[in-house]
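Each chain gets a letter, A, B, C and D, in the order it is written, and its residues are counted from 1.
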Amino acid sequence: MVNMEVELGALKMRTPVATASGTFGYGYEYADLIDYSKLGAVTAKGVRMEAWPGNPMPRHCEVEGGLVNAIGLQGQGVKHFLERDMFLYSRVVKDPVPVIVNIWGQSEEEYAEVAAAVSAAAHPLIGALEMNVSCPNVKAGGHTFGQDPKVLESVVAKVRAATKLPLIVKLAPNVPSIVPYIRACENGGADALSLINTIPAMVIDIERRVPVLANRSGGLSGRAIHPAAVKLVYDAHRATKLPILAMGGVYEAKDAIEFMLAGATAVAIGTATFSAPDTAAKVCDGIAAYCERHGFAAAKELTGAICES
Amino acid sequence: MKHDEKAEVLENREFAAGYRYLVVSAPRQAAEMQPGQFVHVRVPTLERSALRRPFSVFNAGDGKVTVLYKTVGRGTEALSKVKAGEFVNMEGPLGKGFPLSCKGTAFLVGGGFGVAPLYFLARRLPKSILFVGGRTKDDLLALDRFAEIGVEARIATNDGSAGEKGFVTGPLDAAINEFRAKGEEFELFTCGPDGLLRAVTERALELKVPGWISVDRHMICGMGACFACIQKTVRGNSRCCIEGPVFKAEELVW
Amino acid sequence: MVNMEVELGALKMRTPVATASGTFGYGYEYADLIDYSKLGAVTAKGVRMEAWPGNPMPRHCEVEGGLVNAIGLQGQGVKHFLERDMFLYSRVVKDPVPVIVNIWGQSEEEYAEVAAAVSAAAHPLIGALEMNVSCPNVKAGGHTFGQDPKVLESVVAKVRAATKLPLIVKLAPNVPSIVPYIRACENGGADALSLINTIPAMVIDIERRVPVLANRSGGLSGRAIHPAAVKLVYDAHRATKLPILAMGGVYEAKDAIEFMLAGATAVAIGTATFSAPDTAAKVCDGIAAYCERHGFAAAKELTGAICES
Amino acid sequence: MKHDEKAEVLENREFAAGYRYLVVSAPRQAAEMQPGQFVHVRVPTLERSALRRPFSVFNAGDGKVTVLYKTVGRGTEALSKVKAGEFVNMEGPLGKGFPLSCKGTAFLVGGGFGVAPLYFLARRLPKSILFVGGRTKDDLLALDRFAEIGVEARIATNDGSAGEKGFVTGPLDAAINEFRAKGEEFELFTCGPDGLLRAVTERALELKVPGWISVDRHMICGMGACFACIQKTVRGNSRCCIEGPVFKAEELVW
């Protein structure tokens, strides 16, 4: 029996497989179809202080190898999340796993407020916070928080001061080098990294000559981004001791194992769930089988276990 | 409870130009499916990252689920090539369906493949009339199936090739006037293109009769998990796949 | 008859379809299979001053939706290119189009030297220079020239001073915003932009637990990167008046038209040529047919012709 | 001249476990193909961004091109499902083949599917002997075809299930000694795994007899345009697809 437990900083996961934010609702929507015993955590959809309507429709477009989406972070605010969604999660899911609460804000202060509100709830099923820094900073004229290492460090530090929960920062992939952003997370006091968020992308309807998405552009996810994500996880692992939650185009165990060998402690399944909700369970079983076949007693031994000259 | 069944294809045949019936064996879904609910079908020959395709249920029972679909794009095109004996992954029952009771006569107002859930509904309601429109008579689907179960159809086509010439609102408004003149009760149930849904919504609100509107939106998950399938309602941005696809007329904001 | 001519700055192209650097040799290798009348230009493989051996094998890996490559810019130096490859091009190709010479260097000085050498040759078939700034700057410790807008501006200015040929700068896609890089190109004196180079990527062989490529990582090209490329072209076109040569996952006319509506003046075909050498010809025909169907008298009218509210 | 022909599949059949013959109609390539050259096949059912697959030509003539292939991965697996009457896009003739003259006897040294180009070569040379090795007798391919054209085969298998027990270098070295003892001339031609190629290269250099070595490398373009398919040679990094696949023994650097 392979020991599947991993630790993403202080977050204990019973398997190295989680779900990715925005693709798994608040953890309970897929409950009928999911074997939670194969999951180590679920990540909730991004939440801010107040309700937010999200983008106009259409919000997505299927492309070869994945999906471009601009949902726009619709949600009902942190109070509703804590009172209703966490309640439903604990009621609906039989064998629940820790929830990673994905948070965002339009200012550094809002990030800290959301983090404080989630911490204050002290919900036993809330296991960590994940900061989505790929959303527009209203004060800084719409640049995202994750775009500039200085801004990133500052917002991470503010959230760090507001919470004792394990703090994961989710980084954007469209950077020349991930290293300055990792330093910012380290300096700000992050406990772990999530890699990668979607890649900015756009689809144009050539017959109507308009962008397909009402928001014009969106984020590319799914199989198409996997090789780029592996590279970023590899680079990140070589640059830091912070544990990494890797995501981007995991469709089968092989993809997850690539991430772990590149340096991830755990992986999250996003877009693949839409076409195959049993992906997470299959990935978990596949990781276990691989460990057995290759003589690893524990899944955590896979992290960074690349053989390099 | 939602299921994801590996459903054997029992039948996948064209019944009108561009329109097909797909009958699959999906016992758990067949047992629980309600009219107005939908299924989410994975087309096996598309690449694995392709999204599922949502279809209203045309009929369910005896371990089988039937959908009626139009080949419009690469997914339905590929689906049309799947043969009996092959398997498709199908999620369902999904969404909130129609109510299964109705005061007086159910006015079922359909356009295109919108008649699919109305047929399933008609099988469960004691008394209904189908109002159906299309550009030509070839757009009128499954009329024989409605006739089989004793549902009268009132028809309009743009070119007059079947029924009245004009829009389906013609026979609908005539019936509304007729029923109101006689003081008979009716409710409105509709599924079809947005224009039709709005026309029916307006009438329901004006007449203050219950109106049940089934809204189609492009979907990613079909489970309420992704917020892709939005329809504006009095509650804000609602998810069609879980708060709908059937909404009450007074909920909708167009 | 649709007028297919476009002008990429001072480079006149008889159609808006070119080939992408590194995927079409020195312009003549595919000669037997290509209808050059459908091409507006060909781009030669990257060339520097001296010969360069490139990376060890394996140099590529097929992935879903494309290819990860780390060829490593093998070549025999600019003298060999000008004397032998340009000679062969002019001999082998019946109906030749201008060659865009893709150049690189290990220092700013080398870029300028290569540019000067190509200019000095004054070969009538050489139509433009394309600077590949996604290669390591030996002096700056291996960062690429295109990574920092300041460095980019400086190297562009040096090349600008060394040549009167139309100067295209080819930008990397992995940036938070393309705008500072475009400003650098404008300030440096570029005439046009190429977008996009490959996206950094990596594939791991999980059975042997090693990176598949000898160089560990490489660049992702092909269908997978197309939606990301469209977004960058769109952003670039809104930020600058410089004409854009767009590339990244063009497999059919639709993809090229998306690029042009997003703001490209012309497109280049890369990875698609490998599986279907007739891609460029089909794309050219498809653009013409689209123009006719939509009432455009000239292909150049497609540039930026998106209908936006 | 290179062609890209839409080639009708005439035959695609298994002839040994995991090995298949693919015969296609490709008149222009069939007319120009030389032994040692290869074709680049687009597998029609793979996604459009999939690379082509390179195969040596086993035989060409009468408008037809034949390759002998082993199903090893997703491309050859998918190729094995293509039926007669369907079409594959095929580029060829590609690369530099073997010389078509030989002083004395041609010693053809093959391993696995490496016998494919040697068969095509044997048909063009007046006098040749095939030296072939494998793990077991099931790895020895197309021996009947060599026999048909009167080529003697000298065999070694690791397990002794056919021919000598051991490596193909056993019978090869024996023949070399035999020919040298008799003062008869021979040249070496080889295609197969790298280990075999190196062994033959060494012998050619040591004995100072011409050695013609066909090297397989993973390819992208097959045209000399991408520099993916490198073999070290005395000239530096050479492209197998255009400077090879057949190299002279003295050119190679291992």
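Brief remarks follow.
Convention: contacts are C-beta pairs under 8 Å (C-beta built on N, C-alpha and C of every residue); 3 or more make two chains touch, one makes a residue touch a chain.
Just so you know, these numbers come straight off a predicted model, no measurement behind them.
The remaining chains, considered with chain C omitted and nothing else moved, group by touching as follows: A, B | D.
Any chain touching chain A that also touches chain D appears here: C. Note on chain placement: the centre of chain A and the centre of chain C lie 34 Å apart, centres being C-alpha means. Computed from the mean C-alpha positions, the centre of chain C lies at a distance of 36 Å from the centre of chain D.
Each chain gets one centre point, the mean of its Cα atoms, and the points for chain B and chain D are 60 Å apart. For chain C, the set of residues touching two or more other chains reads 64-65, 223-224. Counting partner chains per residue, chain B has residues 47, 49 touching two or more of them.
The touch graph of these protein chains is an open line. Listed by chain label, the pairs that touch are A-B, A-C, C-D.
For chain C in complex with chain D, the touching residues are 22-25, 29-30, 32-33, 45, 51, 53-54, 57-60, 62, 64-67, 69, 71, 74, 222-224, 251, 271-278. Contact residues of chain C toward chain A in the complex are 63-65, 68, 143-144, 146-148, 172-177, 199-204, 206, 208-211, 216-217, 220, 223-228, 230-232, 234, 254, 257-258, 261-262, 290, 294, 305-308. Touching chain A in their complex are the following residues of chain B: 1-4, 42, 47-52, 89, 91, 217-218, 220-221, 223-228, 230, 236-237, 242.
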